[in-house]
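Heads up, the next two complexes both have chain A, just with different partners, chain B and then chain C.
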Partner chain A sequence: MLTVKDLYASVEEKEILKGINLKVNPGEVHAIMGPNGSGKSTLASIIAGREGYSVTNGSVTFEGKDLLSMSPEDRAREGIFLAFQYPVEIPGISNATFLKTAVNEIRKYKGLEELDAMEFLALIREKMKIVGIDQTLFSRPVNHGFSGGEKKRNEIFQLAVLDPKLAILDETDSGLDIDALKIVANGVNVFKQQSKEKAVIVVTHYQRLLDYIVPDYVHVLYNGRIVKSGTKELALELEERGYDWIKEENNIPASTK
Partner chain B sequence: MSTEIKTIEKMANTEYKYGFVTDIEADEAPKGLNEDIIRFISAKKGEPEWMTQWRLKAYRHWLTMKEPSWQNVKYSPIDYQDIVYYSAPKQKKKLNSMEEVDPKLVQTFDKLGIPLEEQKILAGVAVDAVFDSVSVATTYKEKLSELGIIFCSMSEAIKNHPDLVKKYLGSVVPYTDNFFASLNSAVFSDGSFIYIPKGVRCPMELSTYFRINAENTGQFERTLIIADEGAYVSYLEGCTAPMRDTNQLHAAVVELVALDNAQVKYSTVQNWYAGDVNGVGGIYNFVTKRGACRGKSSKISWTQVETGSAITWKYPSCILQGDNSIGEFYSVALTNNMQQADTGTKMIHIGKNTRSTIVSKGISAGRSQNSYRGLVKIGPKAEGARNFSQCDSLLLGDKCGAHTFPYLEVDNPTATVEHEATTSKIGEDQIFYLNQRGIKTEDAVNLIVNGYCKEVFKELPMEFAVEAQRLLSVSLEGSVG
Partner chain C sequence: MAEIIEKTDLRDYYHSHFQAFENSLNGLKETEIHLERKKAMEQFMQSGFPTADNEEWRYTNPAPILKHTFMPAFEAGEVELKKESFEKYLIKDLPVNLFVFVNGKLREDLSVRQKGEEALELESLSAVMKKDSEVIRKYLSEPVNGFTALNKAFLNDGAVLRIPEGLVLENPVHFLFLSGSPLGEILIQPRIFIIAGKNSQAKIIESHHSIFENAYLFNSVTEIVTEESAVLSYYKIENESEAAFHLSRLQVRQQRSSAFNCFTVTFGGSLVRNDLNSVFSGEYAETNLNGLYLADGKRHIDNHTVIDHAVPHCNSNELYKGILDDKGRGVFNGKVIVRKDAQKTQAYQSNKNLLLSRTAKIDTKPQLEIFADDVKCSHGATVGQLNEEALFYLQSRGVGIEKAQSILINAFASDVIDLINIEKLKETVNQQIMDKLHKVSE
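== the complex of A and B ==
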């Protein structure tokens, strides 16, 4: 589904990613872990198409298509969803207008008919239950004045409504209490269970979220490189031992890896 | 730098959608301005002597005045002797129906989507179309006249309703008012005249489309709307203009009068040609719009969506004379490329318990400069007067400017005046967020801008609101979105 090959990228001359290789197949859950500044969010951003990064080498393909040459909106329409670490506030646009536009843009791209207001509301009602979003939140401006927890729930709500193929959760767990964490995780699991094809990349700092969203693979990103891959046990090990031993193992400069 | 800026640049290259020139032989005055020209205009229009004299008085007063320079706009000096002050499409005889109208003219209206035709009439819009300077067709007049409503061109009103014109013309904006209003009083070509008799609620939105044609012809529209006691009228004004290389001066005057318990709602969608990316060839729009709430509990409401003109200088105002009268001003002013706008309102509270609301939304893109200038004046006798003002600015890109000049003069201690102002910028992170949900940048900017303008759009009559939204996105095509 998603193939990242030997990806090098930098921001303002500073190299952040130094040869990332990652393959995500349909139905898989991958966790990407690592200390602050290791490049996790950069990787998520580049996949989603955020500006300001220059890819200096390598490729990213999604279902065989070259992602890097695609506009961010086309990537979204192809089925990539990024749950933002910091969901953006957009005053003046209601969640309803925003989501209806998004749903219909994606449907148009797929050659499907646009939903009318009634059909859209029916879809919304069904999805609202999943993340416990209520009507008032839905009619408020996008993320405007939302609490941290509400913002994250709104991301997962959008995930449910837009129904992509691949969901990338960028530190969605940060700033959540345990109850909110469970709601978010449940939302992701519901998304996942809809079909065997749905894939998830969980970018996180902590093992905590992985108790609820169980990964098939865990990768440790350090200094712009995946330095260790394993199964969910690796996450537990990291939880126990911290990242220091990873850092020590990898203190020798790049070229040896 | 960002997608946003690139989009602005890309869109700036979009050609003005309504840029075409109608080839109709104009019946023009020679260039320049003097008393003979004024007599020529007046004679051409078959005006009575009192009107000619009024124009001449205005002209003589104008000669003593200086062009204002306090506004926050820049333009090269206007040569008032290099302007043609009268131009009319040739009309051989009085027209009784649309079939008799020059087909080229009708084509032009069609291109602009002007609802002069049957289907639009069915939609309930009576249209008094002003093409260049003379009204060429008026519809639905009969139905309105059954109710005693007068809706005609100013020229006709001067001939057929001289008493009303004499009583009200210049009563809100005197010919001595300001440089451009005086000029207009001297040379005004045509415009709309509306009179709603006592207790009549006008059953439809009245609308006029103005269109500048014929090169180097200044347009000097003059509109007068009177709502007698207990009357109600909603009036729509919309403009588009063809592409031009030389700047065109547009100095209109609009006067509204509301007597006891009367209401006038005046909505404008203004889309004069704004010039090219460098600002060459756009319209100078120097307009005096003022309403007098003369009667008790009367109400005047201005709603404007300003997207066009190279330079806009315009302050639709309300004089709240009657006790308990209400003035409202809702405005969206969008500037792009090299456009300059200095616009706002004046709310003059004279009567007791008068109330006013100002909601101004400025949007600046490209290298444009957008200024809000507003005055709230509470007179010594305006016991319990209240004003609420909200002035918001939205910046698209980092080369444009937004300015706010609110003036407050309060001479009564019982008055309440509130002012709120915000400035925001459409951020790259907002655009990316919307992109990531499958919405392309243009649509993302439109969504944000429309959301921002919602408070004003909801004041517009339904179909006008739709048009206004469309116009904003067309205008942002040349800018951001």
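== the complex of A and C ==
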């Protein structure tokens, strides 16, 4: 489904990713872990198409299509969803208008008929239950004045409504209390269980979220490279031992590749 | 001809037209109103037009206007018009008392009143002057510069609207201004008087449209009086061609416990300047001045407001938002004066601007002058660009870049548009913004 090959990328001349290789098949859950500044969020951002990164080498393909030459909106329309670490507040536009526009832009791209107000409402009602979002939150401006937990829940609500093929969660667990974490994880699991084809990439610093979203593979990103891959047991080991042993094992000066 | 005029002073040019105007008045040359006109013409001859070194005109240089020599509209004669030709300018599905002004002159033949609202008194300025000029002389304000002096000197076109005491007007009044001449570049100078009687309530829409390609100068003065406890909502929608110059001065005098809500939407003109002056003369009055401007192409839009808290216990709120694209230029100059005796004043003022291109420009100058010591006042201005992170957020949800931009622009403007309390007008304004933005992105 998603293939990242020998990816090098930099921000303002500073090299962040130094040869990432990653293959995600339909139905798989991958966790990408690593200490702060290792390049986790950069990888998520490049897959989603955020500006400000220059890819200096390598490729990213999604279902065989070159992702890097696509606009962010086309990536979303093809089926990639990024849950933001810091969801953006947009005063002046309601969640409802925002989501209806998004749903219909994606449907138009797929050659499907746009949903009318009634059909859209029916879809929303069904999905609201999954993440416990209520009507008032839905009619408020996008993320405006939301608590941290509400913002993250809203991301998962959008995931449920937009129904992509691949969901990327960028530190969705940061700043969440355990109850909110469970709701978010449940939302992701419901999305995953809809079909055997849905894939998830969980980018996280901590193991905690992985108690609820169980990964098939765990990758440790350090200094711009995946230095270790394993199964969910690797995540537990990281939780126990921290990241220092990884750093020691891979103590390469930043100037050499 | 043009060459000769360039070499002579513009003042002499307009003075010679003033003499032609005087001669056309025949027997009405000896009236008190005409003495006022002559006085104004003298003032004009002394002051001439303002220049950019005048602080009030620092950000809006009148020079582009003064390159033209405009022929007073009455010399160009009447324009033949059918109702079908301006139907597109009416607000869809909104019943109104429609008064059409073609080149500043009231056209009764094109105007329509709603049934049951005959109590509304509207007459052309010239008709009122002929029978009883007292009301005009009472409210006729003194010129503040060469433009307003010139308007006063040629005082003849326009209308007087009286909303009788206690009348609650069900349907809005719509002053539809259609401007331009096929014969050349003309000078349009109406003066409108609006007297909102004691305890009355009304909504007025003033909209402006160009009906010919030729340049013109629209140079108007509107005098509004809200008597005790009157509530008046005033909407001004400017949607004129890129050849149009539009200068208007709105002078508001508010009596005790009255409320004046003004909303100015400006899309252009080539050069537009709105001067809005509001004076509180009675306590417990309220004024709300709001506005939205969108300058694209090479359009220049200036909103100058002055709110004068001359007495205690009055409130004023002001929110102006601007969207500037291409080489569009905006000016906001908002002054709030709180005089020494005006205790318990509350005055809030805000101007926010969105720049969509590197070549767009805004000059914003909010000013508070407070001489009282027991007041609540605040003011502020912001200038920003579209939020890149919000754009990416929308794109990452599948929304195309152009649509994402227009959503964010609408989101920016939405809180001020929500202050329009005529639903059909709000829809029209929203649509006009969408159309404009669509053109911008093309």
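Note that in this section the second predicted complex is superposed on the first by the 252 of 257 C-alpha atoms of A that agree within 3 Å, B and C clash if a C-alpha of one lies under 4 Å from a C-alpha of the other, contacts with A are read in each partner's own complex, and residues count from 1 in each chain.
One rule holds in what follows: contacts are C-beta pairs under 8 Å (C-beta built on N, C-alpha and C of every residue); 3 or more make two chains touch, one makes a residue touch a chain.
Quick caveat: nothing in here was measured; it's all calculated off a predicted structure.
Aligning the shared chain A places chain B and chain C in steric conflict. Touch criterion met: A:V88 reaches chain B and chain C at once.
Contact with neither chain B nor chain C is seen for A:G145 once the two complexes are overlaid on the shared chain. Shared interface residues of chain A, touching chain B in one complex and chain C in the other, are 48-51, 71-73, 75-77, 81-82, 84, 87-88, 90-93, 97-99, 101-102, 105-106, 109, 141, 158, 162. By the touch rule above, chain C contacts chain A in their complex via residues 387-390, 392-401, 403-404, 407-408, 410-415.
The touching residues of chain A, when paired with chain B in their complex, are 48-51, 71-73, 75-77, 81-82, 84, 87-94, 97-99, 101-102, 105-106, 109, 141, 158, 162. Those residues of chain B that touch chain A in the complex are listed here as 2-3, 424, 427-430, 432-441, 443, 447-448, 450-452, 454. If you check the complex, the residues on chain A that touch chain C are 48-51, 71-73, 75-77, 81-82, 84, 87-88, 90-93, 97-99, 101-102, 105-106, 109, 141, 158, 162.
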